[in-house]
């Protein structure tokens, strides 16, 4: 999928003037983005009078829903940074849910986590064998693994879970992690949030959502994001791994064992997707494994990763956006969602002003049109139909990709089958 | 001859690929501290031999000795440990990584990947004169800088024996001189070089000894001080040398291609890639464009072919304005196109030869009728090309990938000269093609010119350019900055003009306007 | 400052001081109950070959398939049906229509009669297969097939049962604010929704009701996603609802768990979920369940076939025949509330209250 | 001969390998694999299974063709799933609300489905061409949105009507039905199965005999070479995607016009994903795809019989996954082998290799 996506006309400039990498560091852009999002949400919340936009509960929901997506996306990151497209994340995630349930009901949540990682890694191993050793097209292998993952877990469930749960589609229930809160701070933020002060309460709500009722799984996921960044960008292992995704021939010529790094990366990718599956099983509210439980989250994870420009911070943002949009529609349905449309109008207005400043008339006109349309919707309906809100995360992803796709940069050799020699 | 222990001794190396014996019983001995050149036609097996020495490929037979000890390299890592480094024929750099990352990759255990590594790179750069900013992304570098990075990579690993596989192919003479100066300096410091080049003058200029390979075997060694280029070439080929010389002019005054004020911008707000290009090619004329790679030649060709959209300006074929037409329509208007990279742009590698004949002609007879393909016609015409252009292939049903590079290129040339084109755009038509095929391609281009074909020739091979062209224009930073007369110009003059060093000879006439603009743009 | 949440006194829902709804007048006490005619008469079913075609989930789904299975098991025990004369087949998720056709034909050609299609999904396929086998008795749970005389519909008045669930919710709510989580927005689930709302409003006219369907019609993942069920429930709880009723299949587990975490109450559906193993951990929040007695319907059908008296089956299994009802396991329904429920039940049976079947 | 072997060997090997794998899995779980496979084969002769297999083959075949058109130019249309759903709803709604003479009515419905499918595919196509959005992601997102759109369209206040506990679009009148070939108690083969066959022939002709097919394959083989050869990549993406969507739109037509005459809640899902697997299995070749679709349908339908012998039916899904994975591996291995053989042959005939 890589080469065919490139448009020859969009190939980079012949000889761009040598310039230092970037003036603004990535973390600053991230922080700026987060701050912007908070300002936007609290303004919207204030103008529409819908406090749910920034309430503790919404944020907690967003975190819980984002978690499996985040982990899947992280899995995608590892594979694709090493040059292997992993559309089999869904299948590996399914393997993970099964593994988590199988170990979890017997030995508890930590065992579930480990087992999920192992099961996911097995899926990754299979993908690696097919794509790295046999040079099979990555998408093709991924599709096959999705099929296999679903089939295998169904079969195993019938064999192993059925006698215990009397249901071939379900595992016995799995014990969960305890959750933790920074209690003093959380309470203080709670009072602040309850005062409904403009801006302040919104920030308090968001912060409180992030520090209240936190599962070790969430902490683990955050650690994995940070850890992935450090490993991939700050260690020799990571450098070698990334070089396999950028130019495997060069890497090989420098003594990097490309096959080995690809194997490791794809296996790690599977393990992360597996943990994503475990996050579903160990989520409060889930008794355990349930057939069809992943429900496309692996694919969404892949989208979040692309959305995040193949970077840990970016995919965190992608997963958060998806979790937030989904959480909002699940929790409070069409009315609150309408507020989000209002927020989109605000955002568009800002973008339009920016485009006007940069004298991009066409983009500005387009923005005005879109803003007008959205505002008309906001004005004319009092509840967004549920058929639309349910798939709002999909729509949001599509729109954001349409806007941002051209800024994205995938690893140069991503999806390209590499043969040694 | 060998008083001290040689740095490297290869003996009896044989390497077979499916269908080819790349090396058979090759012997090579390299002394410490010398620059040892390796010469041979395309496909003679030079790169393969070097890859074997570098551990990238395993020999089927034969032994390798480094500093007197027999070794077996299973991977490049083994070779690196033994002090061997290789700069490949094609750049082996990851564009999206920084110079530093590219250099330390695979050798992280030496100085880590952080500040210490950076310091070491800067030390090395200072010691050898290979200065380049370690923090910059490689994609932002030009070819010469990339070459430096490649050499730095090798040095960083502590290599004492350095293989340079056609390092000069993409450099202009001045850059070649710089490189050679660097090499000589390093030679003083005790480095040993294995140097591959098709440019025999260069070989004679830099090498201390020369080994010639033909059809996979060593045919002998020569002393570069005494041997002439012609003698060397004849050793390589085993016969007389062809030359690209064409003197008698066939230029008419019928304009076939007219490019007016053509501009191309890669992205809004950036420096234009092509700036106010004006040129005219007449029937029977070969117009050569000289320029350092990356100065817009590729973009110029692709804009004329309609693969890129011009920002402003016009392209006319005959009297017809084709500026708004797509590539196919331009081809139908009578443009033939030999792309610079036959593997990427010229051929459908896994398709049979006759399917490759259709590519680019899919709307025209004899390979199609309206919306339908005419397979019989395509096969028949492919057979004609194979015959006329001496494409060595067992049948027209084999996949293009099974042919050798020279034969692939002959097929492409034959295809592009089919269907009576009025204009041929030839981008590096003989790049990486051996002397035999090269001669045939030159002949075909000359014949077509004699029949009234207009040719726009882009080449990095200045001898080819000077030999074939009726007119030469020099391209620099997206502009045509100078004209040269092929009858009088020397490669060195052309090189100066190409690098913007200023004309040193009357044969190169700079455009006042162009030079002005060029200096303006420096201020931006 | 970081504390384990379970150790402390959590439960944001229980901190309110509200004293519940302003309730409507109680309905008159029900007359002495005389719900079912005693059917002690011995029926022999040993000659029957019974085939069951389950919907997705099959035996063990802890939901209506399981309930149907229970009815079959009871028939085996009470009517003497031989185990080798029983065949149960299950649908796969997202299967094409002809898989259902094949399943039914297979049962029919092997001579099973009655053959019961469990779930409305069998309606279309029965419409095709039943006419092909005019001598075989078919039945369909939750559906009806027009024009096929040999298909007995086993329909339920879910809205009536849900009405009582609504009453229970209104009486149990402290904040006079309740919630409903539906799995997929299809007519069947809308019946639960409609009855629940009407019941809650009847018991407490001022009550506020939160509603959420997890997915729209056609996307059946809404029955399979406890995570989403839990989050939807949490949202409703944080909006103020303190009694939640669900009709969301497996997603309902998430609803219970969310209720448990927040310390509010929940009402189960279809079977007596208080006694269900898969939701054991949160059973203490389940105050009641709306019972949909698929088991009764299946048993009664088999019995009627054995007696060769299909006409005796009720048109709709409603409150009057105890086809729907409520569960009292767990002891959260006190005698007062029980009296109220029986009162409403009597009114519905008498027809004084008409329960809507669509919102 | 060698060509034929290269085409037939891999799938045969893959099927044998997968059967072996599943046999082992069955043995581990205590079942008798031979008995299981025997039951599956025996099922073909039972009841309507044979006819069902043919009907399913038709449906799968159309879905796989839709996928294959995209695959030919490395365009991954994961969105067949959503395209056929949207097309089915729209076609059912249109078919149920217009009155036309027989034949023409059905034709209009079929065309509507094709257009609806193409329009749904146009969104990712346009996004890719104008904004460079990766089609894998956008089509996956479109699949979700298709569910929403379908749900909206069959809402009872839009086009849907209630029928018991089901919702469906208004029934298509008789004039819009496409009769099938009845085999009495063995079932009825949908008339539109022949549409699938026609599409297959059309596909073959298009790929091998037309300019468009050539350009499509050229784009798939090397987008850069195609561009230099005058193939407009954007146009190709757009056309290929629209064509793929149009064919995807036809996926459910045999069933809707031949049996259901309406779109309802029982609408089958997942055919698009099966289509991907089958296209891979058949190497995008119309004959190969036919074989793959038949195999898939056989596994699906006769797998139902596994319930009878107490073997978990899910083994069939494992088998399908294993077949796809092993078939692509086998193709890859054979392809490399053949390429090397060809290079060797060239070398031998040109005398560049010593007789050694």
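Letters A, B, C and D mark the chains as written, and numbering starts fresh at 1 in each.
In the analysis below, contacts are C-beta pairs under 8 Å (C-beta built on N, C-alpha and C of every residue); 3 or more make two chains touch, one makes a residue touch a chain.
Note that the coordinates shown come from a computational prediction; the quantities given were computed from them, not determined experimentally.
Visitor: Which one of the chains is closest to the middle, using the mean of its C-alpha atoms?
Guide: Taking the mean of all protein C-alpha atoms as reference, the closest chain is A.
Visitor: Please compute the C-alpha centroid of chain A, do the same for chain C, then give the distance between them in whole Å.
Guide: Taking the mean C-alpha position of each chain, the two centres sit 37 Å apart.
Visitor: Distance-wise, how many Å sit between the C-alpha centres of chain A and chain B, to the nearest whole number?
Guide: The separation of the two C-alpha centroids amounts to 44 Å.
Visitor: In angstrom, rounded to a whole number, how far apart do the mean CA points of chain C and chain D lie?
Guide: Computed value for the inter-centroid distance: 38 Å.
Visitor: Quick one: which residues in chain D touch 2 or more of the other chains?
Guide: Expected reply: 147-148, 151-152, 155, 224, 227.
Visitor: Counting only residues that touch at least two other chains, what does the list for chain C look like?
Guide: Each of 185, 215-216, 219 in chain C touches at least two other chains.
Visitor: Going by the touch rule set out above, which residues of chain A reach two or more other chains?
Guide: Only 8, 168, 387, 390 qualify.
Visitor: Could you please write down every pair of chains that are in touch?
Guide: A-B, A-C, A-D, B-D, C-D
Visitor: Which of the residues in chain A end up touching chain B in this complex?
Guide: That would be residues 8-9, 12-21, 234-236, 239-240, 242-243, 246-247, 249-257, 409, 411-412, 421 of chain A.
Visitor: Given the complex with chain C, which residues does chain D contribute to the contact?
Guide: 46-49, 52, 55-56, 59, 85, 147-148, 150-152, 154-156, 160, 162-167, 185, 255, 259-260, 264-271, 300-301, 304, 307, 313
Visitor: Please give the residue numbers of chain B that touch chain D in the complex, ascending.
Guide: Going by the criterion above, the answer is residues 16-21, 24, 215, 305, 307, 326-331, 337, 339, 341, 344-351, 355, 358-360, 362-363, 368, 371-373, 375, 392-394, 398-399, 401-403.
Visitor: Can you list the chain C residues touching chain D in their complex?
Guide: 89-90, 92, 94-103, 105-106, 109, 120-121, 123-124, 128, 132, 142-144, 185-188, 215-219
Visitor: Going by the contact rule at the top, pick out the chain D residues touching chain B in the complex.
Guide: It comes out as residues 208-215, 217-218, 221-222, 224-232, 339-350, 352-354.
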